[in-house]
Each structure stands twice: as structure tokens, then as C-alpha cells.
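Please see the structure below; I have some questions.
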Amino acid sequence: MSGGLDARITVLHPGGFHLDAELRLESGHTVAVLGPNGAGKSTLIAALAGLLPLHEGRVALGGRVLDDTELGVWVPPEERRLGIVHQDYLLFPTMSVLDNVAFGLRARGRARSAANRGARDLLAQLDLLQFAGRRPADLSGGQAQRVALARALATEPDMLLLDEPLAALDVTTRARLRHVLADRLAEFPGPRMLITHDPAEAFLLADQIYVLEDGAITQVGSPDDIRLRPRTSYAADLAGANLLVGVASAGEVLVGSHRLTIADTSAQGPVLATIHPRAISLHVVEPGGSPRNAWATSVTRIENYGDRVRVQTAGPLELTAEITPPALHALGIAVGDRIWLSIKATEVGVSAD
Amino acid sequence: MSGGLDARITVLHPGGFHLDAELRLESGHTVAVLGPNGAGKSTLIAALAGLLPLHEGRVALGGRVLDDTELGVWVPPEERRLGIVHQDYLLFPTMSVLDNVAFGLRARGRARSAANRGARDLLAQLDLLQFAGRRPADLSGGQAQRVALARALATEPDMLLLDEPLAALDVTTRARLRHVLADRLAEFPGPRMLITHDPAEAFLLADQIYVLEDGAITQVGSPDDIRLRPRTSYAADLAGANLLVGVASAGEVLVGSHRLTIADTSAQGPVLATIHPRAISLHVVEPGGSPRNAWATSVTRIENYGDRVRVQTAGPLELTAEITPPALHALGIAVGDRIWLSIKATEVGVSAD
Amino acid sequence: MTRRRPPFVLAFLACVGAAFFVAPLLGLVARTPWSDLGEVLGREVVGDALRLSLVTSLGATIVALFLGLPLAWVLARFEFRGRALLRGLVLLPLVLPPVVGGAALLFTFGRRGALGGPLEDLTGLVLPFSIWGAILAASFVAMPFLVITVEGALRNLDQRYEGAAASLGASRWTVLRRVTLPMIGPSLVSGLLLTWARALGEFGATITFAGNLPGRTQTLPLAVFVAMEGDRDAAVAMSLLLVLVSLAVLVTLRNRWWGAR
Amino acid sequence: MTRRRPPFVLAFLACVGAAFFVAPLLGLVARTPWSDLGEVLGREVVGDALRLSLVTSLGATIVALFLGLPLAWVLARFEFRGRALLRGLVLLPLVLPPVVGGAALLFTFGRRGALGGPLEDLTGLVLPFSIWGAILAASFVAMPFLVITVEGALRNLDQRYEGAAASLGASRWTVLRRVTLPMIGPSLVSGLLLTWARALGEFGATITFAGNLPGRTQTLPLAVFVAMEGDRDAAVAMSLLLVLVSLAVLVTLRNRWWGAR
Amino acid sequence: GGDARREVRVSAAASLSDAFLALETQYEAERPEVDIVLNLGGSSALREQILSGAPVGVFASANQANLEQLVTAGLVDGPVVDFATNRLTIAVPAGNPADVRDLADLARDNLLIGLCSPAVPCGDYAATALAIAGVVAAPDTLEPDVRALLTKIRAGELDAGVVYETDIAAAGDDVESVAIPAEINVPVVYSIAAIAEDHRSDAENFIDFVVAGRGRQILRDQGFFLP
């Protein structure tokens, strides 16, 4: 019944922003779109939904052309059968929560009682039944977000477009809803697109990840691809890794003026090198032993997250290391202190740029 | 000039929600308020700001009484000198970004040029200068949130009240803004209250944490207190820990019908026991050796976060364990499989209930 | 903000503004011949006029709703050539002296008018001197209020809600009915009340276009006008009736429709 | 949504609605004596009347802004006893036949009136037969439009923006000026235009309260009335002038004020 | 005018508009030191203004009733003088499409007939005339004044109506007159009086001009009959 999404999209915003993206979403798969603020993620959703005119391009869902600037085809939003969570919810302020969720069902022709029953089911699943009679203005932020999710899921659309659907939820609810969402997505037959700033959410829920930066797609891959072989500094931040750009030759990568020993002796030419923060060891004296990379630097920032501590270091490579609080205690270092840093050659991931 | 906040607050919402909280925020300290959706965090801010009438209570900031239902004192919002980031920003849609940020300065009597200069400085610090001329409607979600933060910081208020100020930011920007915010908070003389759903943010930025649940404060303590000795299941979720409620006697805790061996032989009576997911080992065969707690159960869910995997188990205690992807691979388990679980007695934290 | 009093200057100006509406009414009440009030209001002409007034004003409000609302929506939501001009034209009935407006209606919808002639040939309906004419005249004069009020409100509305509703599968008709109109509710009510009140008080265009026959086209304002020529006391009494009827309706409706917020 | 055409039924109704305003104007234009238009409009009376019309309508708009805006704000934002009644009273000038409205003004602000007498004793100002009287009459009749439109818009507005502005240290005056009014901008403009247009076309209350003195209180609608008696061509020509002036102002202002969105 | 001319305010019934505009021009030409300011309106509105103290020097009314109310209120200073008369006539659209010949035709049901409202002078007079002729008219509208009635006849919306003879003269080619025989016609009388105010002598002077001076010729030119 439902099929994949094929889209090639160019959208211009008055301010000069320019979105240029090509997407293929398979039916039954979840694609997470990650990207910095202002990268164009919400714009992408609006364009797919037909709420923003394409400057150029083509959108087809399950073989049905929704938009084609060349052929002059344009299917209006109400006929696209999409389920959307808008970033700022856009709950109808004059309707009760129940009516908001039942709205799509009634708009698609269900009788009032059937629509209300469907809406109640969903509200129950999202722990919202007690708010059924409330107006959106009388909900907390997280409650409103869940209502928005319920509204999008209610209509059994051909495709799901979720713009940060869990951003306002508390840890407990988020964990629960991640499960609900994972189950829901698993049983949803069409393609689904999930926009999020939470890498854990993306890694957990997505089959494939698109990285969108400044209006262009900079990397596409499986969660592991992105995590282990990020190709931009944003993607590296997602993975929590250090990313270095250099030139490889004969078992070494030249990063700036610094040479980093790597295990892979066959790598040659421009490469991206990734180093996980936990693979970096810190020492107060020069380390001996096997690590082939070691240098002295100074501490620029220490961040204590409770169960782990991130230590940022100064040049030559400005790497961030992650250690445990006891380890920090044992080292006894503070910001500005001199420190030694060592990395095993095998811990430096290398991929061609 | 600026002093601490002393507040005792009762607020009623028409729907039956009831907030009852007592707070003491010291000058120069940051308090994070954490709590589930609908716990009353935003309500608390609105009440402190004078935007919601108190049913009963008293608010004093630096010795100045802002609200006192008994004495009939009520200082209007415009004289409270607070810097607020509202959960849904409430940027003025008819003003440019620059005017939004300069608004507070001008309202407090600064000349237009001085106000604009101040606003530009802040916009620059938050990487927003390029959007100075835009209307809020033409910003992305994350950009709008940063503008809201700039607007709140601009006026040099006596107290800061930040309602999820970083929720919509991408990982890179969030990390950067956490630093900016940490620096800003450090140099801010008055008390500051930070509402967040991100435990890392709270642990990193706060001196003290209030846990608010269903309108009541359930725990107050240092970040380490909350992390190591959570007293509610919500707080345990924050810390990522397993929380068990039981009765201790003679080096054991009785949880339901299960006996858990603990290291602390002096514990007696009702206790909370916490077990960190990483302290739980998984085995496909019955483990030998030192761990004094071991039992067989089955796997109910496996969540792969890329660099770590969380494995949920069935009864008797429904614990979640955290292992590495290679470990999972080595175990070769799937949902429904039978598994052994072991915990060292020393890894079970116990505190009186 | 419920605890607060309005700032002094604004409160003062508001009081002066309120006095503006209250003082002339008091003047009217002071001149009311209370003793023969009953007699005057009991007259058959007065009853007929009141009934006609209610019918025409309600009719005009309905016409305005069915024609004015779509017009406001098109003006607010679609770009087309001549839109600015059309928007200006909508305000014309306010600007035209009522007599001229009535004359213009006669030129157009009268028996010899460009549209009135064909209309009579086709349907046998003669607008002037009939209640339909009175409704037409009242609609012409009162509809701008609905159009302008609603168009302003539509422009104030965040259109993304309409987009969200469309994406949920709602036709534009459903969007209009279930999302747009409720969201501009108070403005719509304001517009309808303005329209109704204006139609109720309508005088000039009606008398010029529809004439003035007791029991057929003589609405209360026309009866008042005629009485004013001779029997001033009766005129004042009937005006007071008009005032009371409209007050009753306005106060009741407003409280009901706005009470929900 | 810019690519879309309105759905047929609504577009059709909107066209009928538009025809409602356009057709009578065409009827008027068809009867215009184009040949003597220049002569008529060159007359001194016409120039005087146009000037007076502009002055009184502008004056009334200013009065409405200064008194009506605070009144609308108080009605929308504060709870007090008699609010519902006051809201109803504000609509009275629409409902009262203009002659009765004028008479009520005379009862109150005339030289023998409850307020007019003391006013003359104190300041020497006589309202009837002076331009101040014409402005007063026009304000009385036109102010409700501003009050009602603005009140509706204020009720539509999310008050949390005002709270946010107050928390940033803005006095309520600043909040009103910089946050509230800009946010209800289109409705405010609508209200002001309705007010101005109504004041420009005002006839009945003015002729009754302020008289019909050429060069002093004879506005264009009053001049049209006098001309209608004999020189009908002049009356049509002057009406057309009224139409053109108002169209020019309305189209220009609306485009400018609403262009920014 | 802001110059030093003495001002006399003359409130006159709307049906006297053309005549009084001409009177003003002539009088001001003769006496440049006096400024006649005309206030034209419905008789009842003019009456209300004077009752509420409006500063008026002269009031010319289309019937006696309005002036009598002012006399009762003690606002008339000096005698009430009848200065002109008029006659009724039947007005029909150009070409007389309904072929109206006399007052009796006003009873025809298939015609659209208009009269002035009995509350205003022209309707009062018409009712008297119809009564004298023994005709029960079937009006479709009772207009508030002659002007409104004529507008509809001119537009062809009404087939006939009863108006003043002077109005036919002013209306031009669009209307025709079907005369009412003198024996059943009703004499229409216009009255004028000075109202208590400053510049009494100027007001009386203007009344003299209308009643006895060269104003008479102007009134005659406008189609009025003189007593």
C-alpha cells in the first residue's frame, strides 16, 4: 500500500538561506535527520508537507508524485496523508486535547464517535487520558508535546515526519516514549523521518542517519557509520568523538604540523581521523610503554558530568579526553595545569576524506 | 545589592493541580529544578515572576518582599527585576531580534543606542549577530531559543529563571552554550534557577538540585546526592541508576520477596538501594567467584546506544544493566533469552528511606 | 494580572470615553415621558416596526455572514490584482451619505436599475418597497463591518495552524470552519455584533431604497424619524425601546460567546 | 499556500459579496454628469465642505483613539461591575437613529444640556453650530468601531507576551505601546479606518447637533443633502468626490500599514 | 468668515433650500456688512436645535406646527409672519408611464404610489387634499420629505406621488406634473419668525426683506405664491 519517499528539494528563504537536499526513505525504515540549529531540518519537513513552495525539485511518495516543479504537479497538504509533529506543536488552541487528536480522524471522514475512540486510545498510550478535556494552553510543555505526537500518530498516515518529538520530555517519560515510539515506528508500514538533537535517540531509533548542515546533506549512513566514521565536526560532536582532518602516509597522519601514528599503514592521502575521548589517557608525568602517540599539553576546561569527566586540552591537537571522577581525583589536575596525553595507534580511526 | 531568594509558594490551577513548594536560593549559586512533565516547574517560575497569583505564600528576594499573601504585599512583574527564559520563548513577534533583546534594556531606561549596543554584544556572544534584523518567525527553533536566552541575560536582573534554555539546541551549540552559560552564571551575582530535563546539564551547571514531582519537592541536595542517593524513581532515572525500595537488616535488603546482599552490615529498617547499571554483570551460565548476588532471569529489552547497550531484565528485580557492544556480541543474547545476572555487594548503595 | 488596577491616565481616559456613550443616553432617559411610555409602546405601529427591525437586522447579519465572510477570507488570504482597490470599495457604504447610498442602490437594484430590472423579469421580485429591499439596504450598509473586522483578524492569525490542519487531511472548508473561525472567534463575534447593531439602527439607505410603509418596510428607526417630526415624546419613547432591545441582545450574546475564554 | 485558488463556493460567494459594493458604485458613476463635474467641484462651498469633512473626520478619529483605545483596553483587561452593560452601551450610537443620536447629544451637550451649560459657563465653548460640535457628533457615532474592533483583538491576544514584557521591566504603558498595540496592529488599523470612514460619511447626528452652516459645520455629506434638494447633478458629483477621497486614503493607508507583513 | 461682518443665522426648512440660497445672495449683495449664514435641515431637527438653545436669529418653517412649539416655549421674539404659499401637485416620472390623470388614480392598486408621511407638512397637506377629493389612496411608501419622494419618482421607482409645485420646477426633465384642480387643492403656508438672540435688528431686517422687500420677487421666481 505505502511505499518509499523519493525527494529532490530546493527551497529558498527570504533571508538568503538555501536548502538543497536529496533523500530516499524506504518504506518500513526510520531515517533520522540530524543537523545543527538552522540547518534546514524544519524547512525540509515543511517542504515535504507542501506547506512551503519548492523552488525546484520533485517529491514522490510510494510512486505518487506529490510535487514536481518541472511537470507543474502539486498535491495540496490535505491530500498528502502525512503525520507531522511540528517543532512548536501547533496544537489548535480553541479545541480540547481530545478534539485536537481526533481532528485528523474526523477530517479524514471518520464519524465523531469512532474518531473520539481512536483519539482516546492514543491518549491512553501516551498517558494523556486525564488531560482529554483540557485546552492546550492549560498543559505543561511536555504534556503539549505528547499531545502533538498523539495527533500525528492518530491518522494512520502514509509517512511520519517528526520534528524533535521528544525534546520537551522528562527523562522518565522520554525513556518510556522512546519505547512507545520505537514500537509504533516498528509497526508503521511507511517511511518515517525523525528529526532530533539527541544522538542517543537517533542511534536507537533510526535505521539510517542523514546529517544536514547549512542546507546541504553532508553525510548519510548507518548509525554506526556516523558514530564511528563521522565526516564533519558536527557529526563527530554527535558521536562524542574527536575529529581530525589530515594527510596520511606510511602509518602516519599529518594534522597541521603534528604527526599522529596510526595502525593502518596502507592509508594514503587526505583522511579523517577520529579518536574517542575514552581512548585518550592522561598522565601527570611522561608516560612510558606502548602508546605510540604521546605529547605534553595543558588543561583548558574540566567538565564534571557526575559519572564521567571530560577534560579539554590545548594544542597541538585540542583533544577532549573522558575519564572517571576517581581518575580525575587521582591525577589531581586543574584548569591550566600541564599534562601528558597518550593514544594507542590502534585507537585512531582513519577513513579517506 | 542582590541577595538570596526565600520563597514559600502555593499555587492552584483550575484543573486541580496544586503546587506547594519552599525554596531557598543563595546568591551566587545555581539551583537546578528537575522534575517530570507537569510537575509544576514552569508554574513555579510564573509564580515567582508575579505572572500567576499565589494562593498563599511569600516570596522575598534579597530581603525585599515581592509577594506576601498575608501582608497583602505584591510587587508587579516589571519591578521584580528578573531575567526569565520562558519555556516557549515568548519572543515578541512584531520586533526584530535586536529589538527583542534590547527591549529590556530600553524598558529599564537605557538610551536606544546604548541598549542596541548591549543587545549586539550579547547576540555576538550567542552567535546570533547575523539574525539581528530578522523577525522571530523567520528563525529556526534553536535560533529562537538562543534569542530568548540573550533577551533574559541582557537586562542584568537580580535573579535568573531559565526554563529549559538549551532544550532546542543542537549538540555542538549546546556544548558551546553550556560553556557560555556556565561562565555567565559564574559571574552573575544573584541567585539563578535552571529548569532542565537534561541531567548532565544539571550536574554540570548546578550547585544544588531540587527535585519537584507533582507539585511537591521530593528531594533537595547536591548533584552528587541526587546522583548517588536518589530518593525517588524519577531521581533514579535522572542518575541513570536502578532504584529499589526495601527493608535492611543484617547485611541484607529485602526487596519484595528477594534478598539482596549488601556490604553495609549496619543498615537497618526501610532503605533505598541504588545499583548502577554498569555495576551489573551479565552471564550466559551461572557465574562463580566473588559476587554475592546472582540470579537467573530473562531479557525484556535491548537498547543499543552505539557506544553502550542497555539490557533490561525481567523479575524478580527488573534491573537494567549497561554493557559495551562487544560484550553484547560476546554474550550473543536476544530479547526473551535466559540470562544470569550478578552484582557485587559493594556495588549496592544503601541509604535510609 | 487580575489583581491590578489600570494606570491612572488610561483609566481616566477610559472613563471619559465611557461618559461619551453614557451621558447622551442619560440625556435621552431624562427626556423620556415615562407616563405615556406604555401607551406609545403599545401602539400597533410600534409593534410592527419592532418586528420589522428585528427581521431586517437579523436578515442583514445573515447576508453579511454568507457574503462578507468569504469576501474577508479571500481578501486576507489570496493575492490578486485589484485587491487593494476592492478593500477600499468595501468601506464605501460607510463613507457615502446614506441618502446617496440609497440612491445608488436604487440606480442598481431598483425596478429600472441595471440589476433590478432583470431580477424582476426573472423572478418577479421587486426589491424597493418590500422587506427584501429593507434587508438589502441594511446589508449594504452593515456588511463592511463584518468584512473589515474579520479580515483584520485573519491577518493577525498565524497561518501555520491552518497548514497543520491541512496536513491532518482537513479540506480547506473544514480548516476554515474548525480551525480558522474558532481562532478568530472574538473578532468574528465583534464583527457580527457591529453588523447587527448597524443594521438595527439603519435609517438613511433603507428609507431611500426601500421606502417607509408601516407594517411593510417601516423599521423602528424610520418610525422614530417620522415621529420626531411631530410627536417628539413618542420618538424618544421608541428610541428607548430600540436602546433596550439592543442592550438586551448585546449584553446577553456577548456574555455567552465571550464567557468561555 | 500562495499557489492555491480559493475553493469554488467560497470564491463565488466572495464575488457576490464584492458585487454588492461595486455595483451600486457603478450605478452612481453611470449617473455622474461628467461634463459639469469640474464646475461643481470648483465651487467654494464644495471646497469648504471637503476641508471640513477632512478636519472633522480626522478629529473624530483622534478623539476615538485617545478615548476609545483606553476604553477598549479597560474593557478587555479588567474585571469590574457593569462591564457587560458598558460594553453594550458602547454599541448604542450604532443602534440609535442618527437624528435621535443628535437629539440626545443636544439634550446633553447643547447650551441647555446637562454638560453643555456648565461647559459654556466655564470655557465659553459652545458646541452646537461649531466645528467642535461636528467633531463631537462624528466621534460619538464613529468611536464604537474602534472600541469594538480593538477589544475583540485584545481578547484574541495571548496575554503571556504582555507578562513577558512586564518581566523585562516594561511599565504597563510601555507594554501597551511596544508589545500590545503592535501585536494587534492589523485590527487597530481596521478599527481606525472604520472609524475614519464612518466619521467621514456621518450625516444625521451632525446635522441635528451641529447644524448645517456652510464653511463652519457643513461637511460634504451635509452639502450633498442640500444639493440633493435642487441640483441633483451637483449632489452626485460631490458624492463621487467623497468616494474618491476616501478610496485614495483607504487604499494608500492600508497598503502602507499592512504592507510590512 | 473671520471678517467683521455681522452674522445672522437663518434656519430654514430643507424644502426652502433653493429659495433661501438665492435670498442670501441677494441680501448680502445689498447689505455687505451683514453675513447671512444658512442652516438648512429638516424642520424638526431645526426645532430641536432651537429648543436646546442653539444660537439662531431667524427660523423659516414649512408649516406652523414647529413654530408654534417654539412660541409655546417662549423662544419666538416678535410676530410669526406667513411669507409664501405653495400648492400641491401630482408628480410622475417623465412620460407618465402609468398614465396618471388625477388624484383618484392614486387609489389604483397596481401602481406604486408614494406620499409624504402624515407627520411632515407635505404629507399632512396631501392627506387633507385626498380627503377633500374623497380618495382613499393606497401608498406603498410614506416618505420623510419631498426630496426623498421625488428621488424615487425621478428614478421611475414610483409611478406617482403628491409634492409641491415648486419642487417640480426644481426637478428638471425627469419628472412631470399632473395638476390638482384648485378647488380640491390645499394652500401651503410658509412662516417665518425672529428667534430671541443678539443682532435682533439684523434678523428683523432680513425678515422684512423676505416678507416685504425684494425677496418677494425671488420667491416668486422660485415658483412660490405670495400671500
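For this structure, a couple of remarks:
For reference, chains read A, B, C, D and E in written order, and residue numbers begin at 1 within each chain.
Rule of thumb we're sticking to: a contact is a pair of C-beta atoms (placed from the backbone, for glycine too) under 8 Å apart; a residue touches a chain by one contact, two chains touch by 3 or more.
Here the structure is a predicted model, which is why all the values come from computation and not from measurement.
The minimum number of touch steps linking chain B to chain E comes to 2. Ranked by the number of C-beta pairs in contact, the top chain pair here is C-D. Between chain B and chain C the centroid-to-centroid distance comes to 56 Å (mean Cα coordinates, whole Å). Here the spacing of chain C and chain E, counted between their Cα centres, is 34 Å. Mean C-alpha positions place chain C and chain D at a centre distance of 15 Å. Residues of chain C in contact with at least two other chains: 1-2, 4, 99, 103, 106-107, 163, 171-172, 183, 185, 222, 225, 228. Looking at chain E, residues 42, 44-45, 48, 151 sit in touch with two or more other chains. Residue positions of chain A touching 2 or more other chains: 51, 76.
If you check the complex, the residues on chain E that touch chain C are 42-45, 48, 65, 112, 114, 117, 119-120, 139-144, 148, 151-152, 155-157. Listing the residues of chain C that touch chain D in their complex gives 1-2, 4-7, 10-11, 13-14, 16-18, 20-28, 30-31, 66-71, 73-75, 77-79, 84-101, 103-109, 113-115, 139-140, 143-145, 147-149, 151-153, 155-156, 159, 162-163, 171-173, 176, 183-187, 189-191, 193-194, 197-198, 200-201, 203-204, 220-222, 224-225, 228, 235-236, 239, 242-243, 246-247, 250-251, 254-255, 258, 261.
Of all the residues in chain A, the ones that touch chain C in their complex are 46, 49-51, 76-82, 84, 86, 90, 92-95, 103-104, 107-108, 151, 155. Chain contact summary for the complex, chain D toward chain E: residues 99, 102-103, 106-107, 110-113, 116, 126, 128-129, 207-209, 211-216, 225-226, 228-230, 232. Chain D meets chain B in the complex at residues 160-161, 163-172, 174-175, 178-179, 182-183, 185.
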